[in-house]
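What follows is a pair of complexes built around chain A, which joins chain B in one and chain C in the other.
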Partner chain A sequence: MRKLLLVIVLLLGVMLSATTIEVLWMGWPQDQVMQLVNAFREETGIDVDIQLVPFGQLFQTIEVRLAAGDGTPDVYIVDGPNTASYAARGYLLPLNEHFSDEEMSAWFDASIEEGSFLGTFYSVPYGTSSAGIFYNKAIFEEYGVPFLPETVEERLTWEEVAEIAKKLTKDTNGDGRTDIWGLVIEQIDRPYLIFPMVQSLGAKVLSDDGLVSQGYITSDEFIEGTTFYWKLFNEWKVSPQGLNDSAISREYFGTGRAAMMLGNEWNIRRMLQYPDIDYGLSPFPYFEGGVAVTPTGSWHVGINSKTRKLEEALTFTKYITGKEAVITWHKLNGIAPARSDVYEALPEVFDNPIWQLFVKEMETTAAPRPRTPGYSQYELMLREAFNSIHYGADPRSTLEEVAVRIDRELRKYR
Partner chain B sequence: MFRNNKVAWLFVLPALTFLLVFKIWPIGVSVIESLTMTSFTGTKSFVGFENYEYLFKHDPVFWKSFSVTLFYSIIANPLIVLTSLLMALLLNSSHFFTKFFRTVFFLPAAISFAVVSVIWMIVLDPYNGLANSFLTMFGFKPQPFFASPDQALWVLILLNVWRSSGYWMMYFLAGLQNIPETLYEAAEIDGASTLKKTFRITLPLLTRTISFVLVANTAFNFLSFAPVYIITKGGPMGSTNLLMYESYKSAFVNLDMGRASAITTILLGIILVFSFFELRFTRARFEY
Partner chain C sequence: MKKRSLWKTLILFAVLGIISLFFLIPLIWVVASALRPASPLYEYANPLTWKSFIPTKPTLENFVHIFVNLNFGRAIMNSLFVSVSTIVLTVLVASMAGFALAKFEFRGKAALFTIVLITFMVPFESIVIPLYILIKQLHIDNTYWALILPGVANGLAIFLFRQFFSEVPSEIMEAARIDGASWFRIYWRIVLPLSVPAIVTVIVMVFMFQWNSLFWPLVATHSSRFEVVQVAIAVHRSTENTSWANLFSSAIAGSLPPVILFLFLQKYFVRGISGTGLKG
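Right, the complex of A and B next:
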């Protein structure tokens, strides 16, 4: 009897001493995420209650959870451009005193900049990104179109891409429905992929203080780039409307229903699920007479400023963004690491010419998304505008109308 | 009626408590919230009717959403009541087949609206959907469905009819079972036809059920959210942007709680007005 009591007391003690931290995380496949979480638990003895939220609901979930202000989740995933928004509202713990210069030197400068707001470091880089034109070699061969150039020196213009897309949009069985599309855009209405188009023409997408959109998203250059985007769907009809889920776009490309896809670096890994496809990568196009601009930025990790488990939260954040975990994560999920030491550690992966092209873009042409505390509102409204435009709405009037609404929302951050 | 008020209150108390805590109180909070503005740091300030003024005077998105919601409800509401009533009348017998079909028609209501939405989204995919494969097989032109600003709202209405009719049919069936068989027997002796029995006995005696279904369904339709959130996200071009979804976006994406609460308060007002008139027009003028 006494032994039993002792065992119970011991068990209770163990249970109470093992802390659990709450982590709100992007809804990546659970079996992948759990490998990292389990390794962390074994190494540190800290339990992690990790909550995986699908991308479509992630930002709203973060808003609701943080507005509750109860100190949970202790750690949460942050989309890079949202750093300013969370930091301005005091949701993120300032991290300067918790990270040494040596630790900081591991990350790309652009990523540190994306994780900072008004000179303070708030969110730890977890990944970065780049994009380009993936093309299906079999389709190009079948219709006698030469393969696309694969070096930044021979970068195609958007005009050339449109011509190729027209040639490769095919109704193969004559039923009046397009069976092969010239070009799909992986994330059809996200500013992430559309900004580089307008930036190539010299457009600025937001004022320097991040609080005014009128005159920027309504500039002639911005409208010219957006009109090109409009033509893809409505005039030339080389891109299908309504692919509102990026997984469906990937499936179009992966199963040979699209000749080209404007998409992200993670497709190097994700296309493995379509073993039949033989593809190449051409750099992100530019407009004739314009400059080359590519998108970048990705996930960061932040600590809740109200956490009651700072020590454990820090341990987890440093672990998950550390070299070993990022290597494991890259092997599992394929997202571009934000640490240069990971690129050096995995030559067998990154010496691949496709990766080399992406790394080169990240070093030379990458432009981060604008920094504004109202990023999520700005992005959502602009995204709805792009969505309308791809369905056929007039670019100029749509952008002029949305600019007024965006500026009303941004006014509260002055 | 209640001689002893204390006992009466005691019986009502549990229900009343839940009603107060989960219905009346949140409504109150939301109405008060609609009179405030939240700064980005989270501090609230009282601004009177400014949110309403903005909505009514300067917010084209609200007006568009308002008319979309009104159109949606005005079409969907009678359509659902009619289909469910018709289904109930046809299936009000104890034949084996009618029992079977009752179950079949009720099935859509037993699936969560989220699942229903995802299934129909796949079926109605403009390029690879089953629906278009059938259409082209029989020589029709493929349709864009949710990808067209002209069709999306109609498809949403039909989806709602498909999913809700079976549910309200059950209420009508229950109402039909309550009508005393003797009335029909008496009518038969007088030589009344089936049509006459339906219009002279069944429908008048079903008024209370119709009234309930109409009002409950009105609220249900005005508060539609899941299919918009899952399938269309308010698009294409705002054609399916129902007020509930606009309010949700305002609250959780644009962090504009005042505007969101003002929208839900207006929605509450609309539902009250509609319900009031519906109750007036369908009041049973007799006892049985």
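Right, the complex of A and C next:
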């Protein structure tokens, strides 16, 4: 057995010689990812050992692999808001000296901001995102409700959206159960979609140093916004409880069980699966008297600070986030590119009013999620809180309680 | 008299039938969804009719896709190889350890047994980082060994064997010793053949553990050639995109091997239960 082990170790050593880099990647469909990886291999001669990790296990896997501290994986996918957390622990290579100003100018400012921590650039933008209200035109027509405005100048207020949602929440067969919901929220408990609501009222979601949540997520504005969210599910009952899987929310909207969906730009692609739906997009609403804020941020690419193959890792990172690869990737996967030159290069895709609206939001109203080394704990506990609130828990006491727990976790980053 | 028992039987069957429907309906729905061409999940669920459960145009294209294009067969072979290897090693190692703990007297036995008990009470997540560093230092990360060996160190299996062997009368072994048998011979020829129920329990336990493992394989191996079943299933779900057709068909294909194993081992289960009853 020992001999066998030795042989395996030797074989492995040979296979993992200098020209192979190890990449830990998001579990996107293999046939899509491999097209890019194979093209890279042909172009550069560098071999890539790429691991596609399912989304549900991705962050834990990254944590364990990086904790071993042996320089592998050389390159890994980073969810934008986690940049600070990895950077604070020294897991990410600072990239300022490796990227010229010209290279940096290709990306949206909000994306660069998301990939930076304390003024240093750590993770390269790969995609970005935006959101708005998708609405089902057939349902609006059937119940005589005028279509929603589709320009940022005519942006609806949340109060107006709630009124429309009330009109379109229907029990079509009279069995006492709602068959058509006014509004579904694609990611029901994620700060990603809920923060812009409270930020519209002027709430700050975290202290500037990213280490204190009390007084921020417990502020009157934050609670007012969250109370609106609570009412959607509990008072007006225009949104269904328990849709804690974004794929199910999309099914509700795609199959005509919801008149509106607060959802992401990727639905332009996802809705192709539902040939019957005719939908429009209205910009992300704001509160009467408040400002317009939209969510943004997505995947970034980071290099392991302890990599032993810096040259190859950099080549791969620049290739995969470069214009050509991102164009291919958008065609394959449909995620919003973080580079403005890609939008210009693909007019046949982006010259439609829905994409134009999203691009406008990315350039003007987009606000990245807060930067804190404790982002994953912060988000996880807030998700629990939002989840309870949508099921009916009192917003103020729930948030006050969770703020204490969050601050206890954030204290260790001081 | 006869009539009444017939009625009783009928009612009993009706009640059992209804209860079993509650368990079966979701399964039938998954099977039906997997046999449909890739389509929206709720297209046939709203309203709920017989069409929700019986595909009108059944097709195997989803299964063909996952096996031909997504290499699901390789994931099944990997999981089978890992599971079977772990089972063989665990049965050998754990039964020997259990034998020693049950029948030998040595210093530190109680302490050792306590440690064994603790190992299976500690949640796996809490040891995963040191375990990963360990296999890295042994240079067996990204190999089958990394998937198999941590599964072999199974405190629960040792505990089960130890409990089972404690019931085997020591007189049998003493008689064998007098006849000149070595300890290994006693273990191999007398004790092990007597412990089929314990072995079957351990086989099922270890098989389910390895077949269902998802997080450890992701950490311990990174090359796609080591991809195991649960990873190949889980990869079809994410925030941005979920492929129901791939998810359902791979979930079904991935659950067949355990089902087959259970059907095959069923009679041993029954025998195991009656066997322990006689011994009492």
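Odds and ends about this structure:
Throughout what follows, the second predicted complex is superposed on the first by the 396 of 414 C-alpha atoms of A that agree within 3 Å, B and C clash if a C-alpha of one lies under 4 Å from a C-alpha of the other, contacts with A are read in each partner's own complex, and residues count from 1 in each chain.
In this text, a contact is a pair of C-beta atoms (placed from the backbone, for glycine too) under 8 Å apart; a residue touches a chain by one contact, two chains touch by 3 or more.
Just so it is clear, the structure is predicted and the values come from calculations on it, not from any experiment.
In the superposition on chain A, A:Arg89 contacts chain B only, with no contact to chain C. In the superposition on chain A, A:Tyr391 makes contact with chain B only, not with chain C. Of the two partner chains, chain B is the only one that A:Arg405 touches; chain C does not reach it.
In the superposed model, A:Val64 makes contact with both chain B and chain C. Looking at the superposed arrangement, the partner reaching more residues of chain A, out of chain B and chain C, is C.
Residue contacts after overlaying the shared chain place A:Leu310 against neither chain B nor chain C.
In the superposed pair of complexes, A:Gly176 makes contact with chain B only, with no contact to chain C.
In the overlay built on the shared chain, the residue A:Val53 is in contact with chain C alone; chain B does not reach it.
On chain A, the patch touched by chain B and the patch touched by chain C overlap at residues 60, 64, 67. Listing the residues of chain B that touch chain A in their complex gives 39-42, 60-61, 126-127, 132, 136, 141-142, 144, 146-147, 149, 233-238, 249, 252-256. Against chain C, in their complex, chain A makes its touches with residues 5, 8-9, 12, 22, 24, 26-31, 49-57, 60-61, 64-65, 67-68, 70, 73, 187, 245-248, 251-252, 254-255, 257, 264, 266, 270, 273-274, 333, 335. Put simply, chain C touches chain A in their complex at residues 40-43, 46, 69-71, 128-129, 132-133, 136, 139-140, 142-143, 145, 214-215, 218-219, 222-224, 231, 234-235, 237-244. Against chain B, the residues of chain A that register as touching in their complex are 59-60, 63-64, 67, 88-90, 175-178, 240-242, 244, 373-374, 376-377, 380-381, 384, 387-388, 391-393, 401, 405, 409, 412-413.
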